[in-house]
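I'd like to ask some things about the structure below.
As written, the chains take the letters A, B, C, D, E and F, and residue 1 is the first residue of each chain.
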Amino acid sequence: MITVIFRRIRRASAVLVFCWLGGALIVPCAIRAQLITFSKQDLVDYTAKEPFERFADGRPKVPNELLERARDLNSEEIWATLHEKGYNNQFADGFTILHPGKPLVGRAFTLQFMPLRQDVDQVAQQKAKEHGLARLMNQTAIDMLQPGDVLVVDLFGKKVDGTIVGDNLFYYVMQATHGGGLVVDGSVRDLQGISEIDMPAYFRAADPTPIGNVMLTGINVPIRIGGVTVMPGDLVVGDSEGVYFIPPALVQQVVDNADVIHIHDEWTRMKFEEGKYKSEEIYGTPKDPALKKEYEEYLKKRLDEIRKGRPGL
Amino acid sequence: MITVIFRRIRRASAVLVFCWLGGALIVPCAIRAQLITFSKQDLVDYTAKEPFERFADGRPKVPNELLERARDLNSEEIWATLHEKGYNNQFADGFTILHPGKPLVGRAFTLQFMPLRQDVDQVAQQKAKEHGLARLMNQTAIDMLQPGDVLVVDLFGKKVDGTIVGDNLFYYVMQATHGGGLVVDGSVRDLQGISEIDMPAYFRAADPTPIGNVMLTGINVPIRIGGVTVMPGDLVVGDSEGVYFIPPALVQQVVDNADVIHIHDEWTRMKFEEGKYKSEEIYGTPKDPALKKEYEEYLKKRLDEIRKGRPGL
Amino acid sequence: MITVIFRRIRRASAVLVFCWLGGALIVPCAIRAQLITFSKQDLVDYTAKEPFERFADGRPKVPNELLERARDLNSEEIWATLHEKGYNNQFADGFTILHPGKPLVGRAFTLQFMPLRQDVDQVAQQKAKEHGLARLMNQTAIDMLQPGDVLVVDLFGKKVDGTIVGDNLFYYVMQATHGGGLVVDGSVRDLQGISEIDMPAYFRAADPTPIGNVMLTGINVPIRIGGVTVMPGDLVVGDSEGVYFIPPALVQQVVDNADVIHIHDEWTRMKFEEGKYKSEEIYGTPKDPALKKEYEEYLKKRLDEIRKGRPGL
Amino acid sequence: MITVIFRRIRRASAVLVFCWLGGALIVPCAIRAQLITFSKQDLVDYTAKEPFERFADGRPKVPNELLERARDLNSEEIWATLHEKGYNNQFADGFTILHPGKPLVGRAFTLQFMPLRQDVDQVAQQKAKEHGLARLMNQTAIDMLQPGDVLVVDLFGKKVDGTIVGDNLFYYVMQATHGGGLVVDGSVRDLQGISEIDMPAYFRAADPTPIGNVMLTGINVPIRIGGVTVMPGDLVVGDSEGVYFIPPALVQQVVDNADVIHIHDEWTRMKFEEGKYKSEEIYGTPKDPALKKEYEEYLKKRLDEIRKGRPGL
Amino acid sequence: MITVIFRRIRRASAVLVFCWLGGALIVPCAIRAQLITFSKQDLVDYTAKEPFERFADGRPKVPNELLERARDLNSEEIWATLHEKGYNNQFADGFTILHPGKPLVGRAFTLQFMPLRQDVDQVAQQKAKEHGLARLMNQTAIDMLQPGDVLVVDLFGKKVDGTIVGDNLFYYVMQATHGGGLVVDGSVRDLQGISEIDMPAYFRAADPTPIGNVMLTGINVPIRIGGVTVMPGDLVVGDSEGVYFIPPALVQQVVDNADVIHIHDEWTRMKFEEGKYKSEEIYGTPKDPALKKEYEEYLKKRLDEIRKGRPGL
Amino acid sequence: MITVIFRRIRRASAVLVFCWLGGALIVPCAIRAQLITFSKQDLVDYTAKEPFERFADGRPKVPNELLERARDLNSEEIWATLHEKGYNNQFADGFTILHPGKPLVGRAFTLQFMPLRQDVDQVAQQKAKEHGLARLMNQTAIDMLQPGDVLVVDLFGKKVDGTIVGDNLFYYVMQATHGGGLVVDGSVRDLQGISEIDMPAYFRAADPTPIGNVMLTGINVPIRIGGVTVMPGDLVVGDSEGVYFIPPALVQQVVDNADVIHIHDEWTRMKFEEGKYKSEEIYGTPKDPALKKEYEEYLKKRLDEIRKGRPGL
């Protein structure tokens, strides 16, 4: 039995160092103990325009209210604003989606793995020991997750030996993130068990093997998922098409613009249901000046209604 | 906001010309304003054997009663008749199916797109203008759809920029065709929104980008979908395996033959349920003369029942 | 109509010989009438360590009680024991799964097909005739299925003309195996019809064509499915990830070990729900000696409970 | 033996009608006898800006002198001009290239095939007969090739039964086009034999089967090859990367611009060989004003030299 | 160093039993020591129509003279005869070809591997020991090769750990078969070294790993390579398209028919070179009766010449 | 013309900062101006066991003499030593190889690109400016190459817009590295032009587009190429199978072990040529004690010869 359970961890390789900062807070000393490092100052510098608070480690913290509003977003609405602002590389697809109807929304907590290489791994572990730590498991990174986080993992599409979690750790991630979610360019184990847990997840494949033959090379560093450069703290939004990674500085615009698109779609369908118009007369923007006016008034009225029914943001 | 909405159409390229024929009916002058043309006479010539009425533009009009009967067809039943008649290239698969349980049945309304090429597109637009029309949107073709139509679109498998509709136009197509359906060798936008609309759809992929970098080159011309040459007016039938395109001249035989296969399957399963027979004694055709006679009487009786319960066709 | 139905069998090619062994039991004389043979003695020799009864043809017969316990297995639990014993090639995936939530459990009944080759096929048929048999249909093999069997078929991934059954024979297989199941490295017909029948099935694709251009070369011979060598009588277990083929000699260990893993997962989640622990303190094996003791006592207690509630095995 | 040879043609399906125009010239009456038609007037309208002569059937005829100059073009040089003019869909790749070192240059002669469909094929053949012609072979289209032509064929990527020519017809094409060339989105037969014939060819695959299960639907109509809309008369240029299809109206600019790029590359390499400069100082455009001046004088001098050594174009 | 060299064999798994038959000849007792067996009688039964001698183990022995004539065959010529006789599954392609210009000709010596499974492997090894043999290497099968053989190996497309030979054993195979050749549905090692050895080879991939994680399950048994059922003793012919496996009973017809096709092609090209004919007048079969007569006389004359210049066959 | 040439650089995005260290040497201040940084100290720490000199930036410098000896290595020889030492992830394949016969040997100079993201790119550029630099081109990294370097680039498999160099920069790289070489998980432009330049190159594809829509995120940082973690300074060795990345600390062992394998292969082939032995008696290690002794003496003698003929290393 010990053998069986030990199997689950024996091949995992993870290097992480904690510093006790004299207070209650435990912050990872990512600077020296992983292969790839991205310091708190780096995080602050590269996300300088985000208007919100930050976590202790520097990650932008998109407010909970905006996370809530983001639950109503769909792919098209996000595409519109990002495209207008010149961001054309923020969408990744090709995932198996665990619960296709359930929206994924949260703040990106990133992990990077690379193929195992003993010389590199030994140095990283030695560095960990020098910071007073024994060999660390990859769940150590998972133990840093916060409520509202989405765990975003670069396992370079690995299927066999590329399973970031099985059902037990998936359950833990759900608890720790308050149902935030998982996006992995890699695989998961225990698909059957995971299916019964109520957290959104996007993965490339499922496989019975545990994670192995890799090394954890970065925690909350910039990573690549498909054609997207993901930054720690990005707003992650997934629907049945795929996943968007939205820079925090654009979040407010995205959700505000989505209100307009929502109303526009509402009005367009109302008109289509009347059965009096060809699509060309309505779709995109109404051609007839009177109709256009009618639309604009409707838009204004509905925007007012929506905004009144909403607190601060 | 205008920017956002305008985005939806700005890259679409479509060329279509209407002629006002002195009456209420608007018919497209497809002959001169698209790159590829297929005249009313062409349509009549190439479908000369179809026994039904035609639309004003020459498309065969498989009667509503046969559409209704076709809702009970499955892939195997269609294969049987088409194969017997020497039609082995009428099935396309490899689609994502929007509502797998919901049958797709209707008359093919075909669109063809090709990669954008400015010199060609400019001439086509010039021809459109000469017929008194401003630049046309691709929903113009969509505005020609009739109740009972299935929109069948050759977008040569394009995913990015190959989205024939988003949820608004999908909604419009549902209204215009009375829930007919969509088959596109290309993609759709707003998968989430489309999923909530009750119309069958078959597509290669979903993508957040709007249609672009293509030109509309044909409306109701012969097109290729996978390994099938689709003619305007074909009976389109889709189930959870894929889509059949049935020449109108064969429709009656297909549905009549399907009655026989239905009854055969009914009887075969009844026998299997009795648990007295090996599959070899029953399957295909009963081996024992007495059983065979029993089957034939059953077939005759059931055919009579079915036909009595059915109007004209 | 005869034409239509005859189509279903005309291209199938199957060679099988029965011997009447003076008793009620019919056993296939596989030794001389198929291209590839694997005698009863071969079966007994190559599965000598399996501790259970055998069928008359030599196939190991994993007891019904163990089949029942196997219904609770998941991929991870099976992987753990097989990996520990050095069996790393017993899992196949990449299938379309008919009823993803429904577990597949049964004893492997294997079929092997190879591409049709007239010279070989003619000899095999001649051999069949010499044993007093007319040309045989491929359902003859299907007619040999027993309750609790899973039909496992090597059709070398063939899609077109590689459909082992349509809905009628699928129905028959369900009846004959008492809902055992089907795994085919090939395709099925009548996906729509099959979907309504309550038997688990794993296949590569669906296609409207009937089986053809192949010859049945082995019944209950060793076959390859993906990266697995499957032996007749293997315990077949499928979940939403894929299919395991478990050597009968390991079945008892697998299900016993699964009890331990079940309890371990139960305890782990209980601890996670308490919200007091990081995953690292619990996952894999508890780090704190007191916790470890708590776990071990829990394990012992629950194992006792489980075993008391269970008959003999 | 007759059987053997007859095989080569029996499955080919081609429909073409000739009109004897009272003179020596034979011109195809493409208008009525193929499924897809593109009249001489269509050709003239859609290529109105091309400044050269035309063939009797309306195809633009890029002059031989420009074909000659085009032999020195490479992919990058063509890309530069087309991209600048907004043509981003004129390049197709993914081909097997018969003689990778040998440039392909010529005027596009296009053929379109579609999957065979008996009802359509029968009408097309009937139309052919009405024009006084017996059943036509697909080499009839090949018999229309002119010196300098490149045969460009849409066989929708078909491998098995999608072989446009074997070595005999390939030899004929070489003779008829004076070594022009072949581009087929489909396959060829007799790869071994074809390899010994000195004509460039680009194809998707080689296969031993003859062409079959298709119908010839268009001769010199607009076709799609990969992501390119090809027009009859386009300048076709292929190198070891792939194939460009250049609108005749842009040919002069492409070859003139290529002179500049040639000289630029010449000068850049000369500077690199001197070993005194970093790439950044030279590449793209020289940063130092003195160097820039040197380059511009060199460019002017070399352009003069090149142009003096060249007749009219 | 020992470690290094030992690596090459340590993972290989092979089971083979020799019987000393009282004479000089060593014949493998394939019947009991491999998983899949195919006895001498099986071989004789299933190739009863082949008109030539046999090897001691029952394999048909296509005479050397016919091997020699087969060196001039190309894919098309083989296809013609096999297709006419109803053999449509004898061609495999998709290989990397070591020396594309060099023809592959020889008699099939087949090997079958399956994924390693310890329980099966242990029994097979026990059986080997009972026949007085120590653990055997997979080169034991290679040691059975005869001059004129082509080694044909089913490694089910395995790349990593699926390398049948490296350069040393490849060299040995060349020596033993007198340059016969290799076809493997799997991979090879040492591509660089192998490239310098003058023997034709067809493989799926090259990889640096040695063979492993498989078991040798059959020597000279029927195997599947792509879509072909290969029988031991088949005539193997490979050109730059792929590989044909020709049943010995058809070999004479194939080579005789090839003479006719050779002459036909010769004459056709002569006519094309005259430049007086359209392809349609000549290709396939000459349309003009006078030309046809000319051709038939030419054919007769050339056949006579060829046959005179050739010994017995 | 300016337009044309400017095109080559306009979409490239690169961020790099140089520090003038008071001396002649220019060293990049990689620490602050790229997204991903890996300092000189990181390089020294993570390659602490390498026994050679280092470059000024900390990269290990495998001596020229060992580079020279490495030119005779083949894939198998490298695999043997790395596998023995537990390094199983150092080989990447699937490349198009520019000059298949020409060995690639050199020291890894790594570049990492990621998908363009404006917010990140703007900060990186701002940081560059703060270090006194204008916008930098991606050839700036290329300008840092040293003789003996191989440029190893992670462009995440990008084809369109993923071309690291065209023929001009390829020429420059050849000059700067003294023919070292290029490995790119991405594409190249101007395949035709590049083919004429005598430097080894491994790439995924060729494409006419210039590099674009990406940002240079790391210079001499750890990168991933296929399944390999590549460290700056690794010995890169490529043959016709693929590319090995060898940690500097293992280089001496690899080349020494290769001597033994060379001699072993030499002796094995000599024995095979004698024609007296089965492969089993010789291959791997000689079975006969006398033969083994003969081999060992041969090995010793040849090793002595080789080592005498070689300077220091």
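A few notes on this one:
Following the convention adopted for this analysis, contacts are C-beta pairs under 8 Å (C-beta built on N, C-alpha and C of every residue); 3 or more make two chains touch, one makes a residue touch a chain.
This one's a predicted model, so the numbers in the text were calculated from it and none came from an experiment.
Using the contact threshold fixed earlier, the set of chains in contact with both subunit C and subunit E is empty. At the far end from subunit E, in terms of centres built from Cα atoms, lies A. When chain centres are defined as mean Cα coordinates, D lies farthest from subunit C. Between D-F and the choices D-E, B-D or C-E, the pair with more than half the same contact pairs by residue number is D-E.
With centres defined as mean CA coordinates, subunit F is found 39 Å away from subunit E. Annotation: 47 Å between the Cα-based centres of subunit B and subunit E. Note on chain placement: the centre of subunit A and the centre of subunit E lie 54 Å apart, centres being C-alpha means.
Subunit E has no residue in contact with two or more other chains.
In summary, the structure contains touching chain pairs A-B, A-C, A-F, B-C, B-D, C-E, D-E, D-F, E-F. Of all residues in subunit D, those touching subunit F in their complex are 74-76, 78-81, 83-84, 91, 93, 239-242, 257, 260-261, 264-265, 268-269, 272-273, 275, 278-280, 283-285, 299. Per the touch definition, subunit E reaches subunit C in the complex via residues 35-38, 45-49, 85-90, 114-120, 123-124, 127, 156, 213, 215, 217, 221-222, 224, 227-229, 231, 247, 249. Partner subunit D is touched in their complex by these residues of subunit F: 1-9, 136-137, 139-140, 142-143, 166-169, 171-172, 175-176, 189-193, 195, 206-209.
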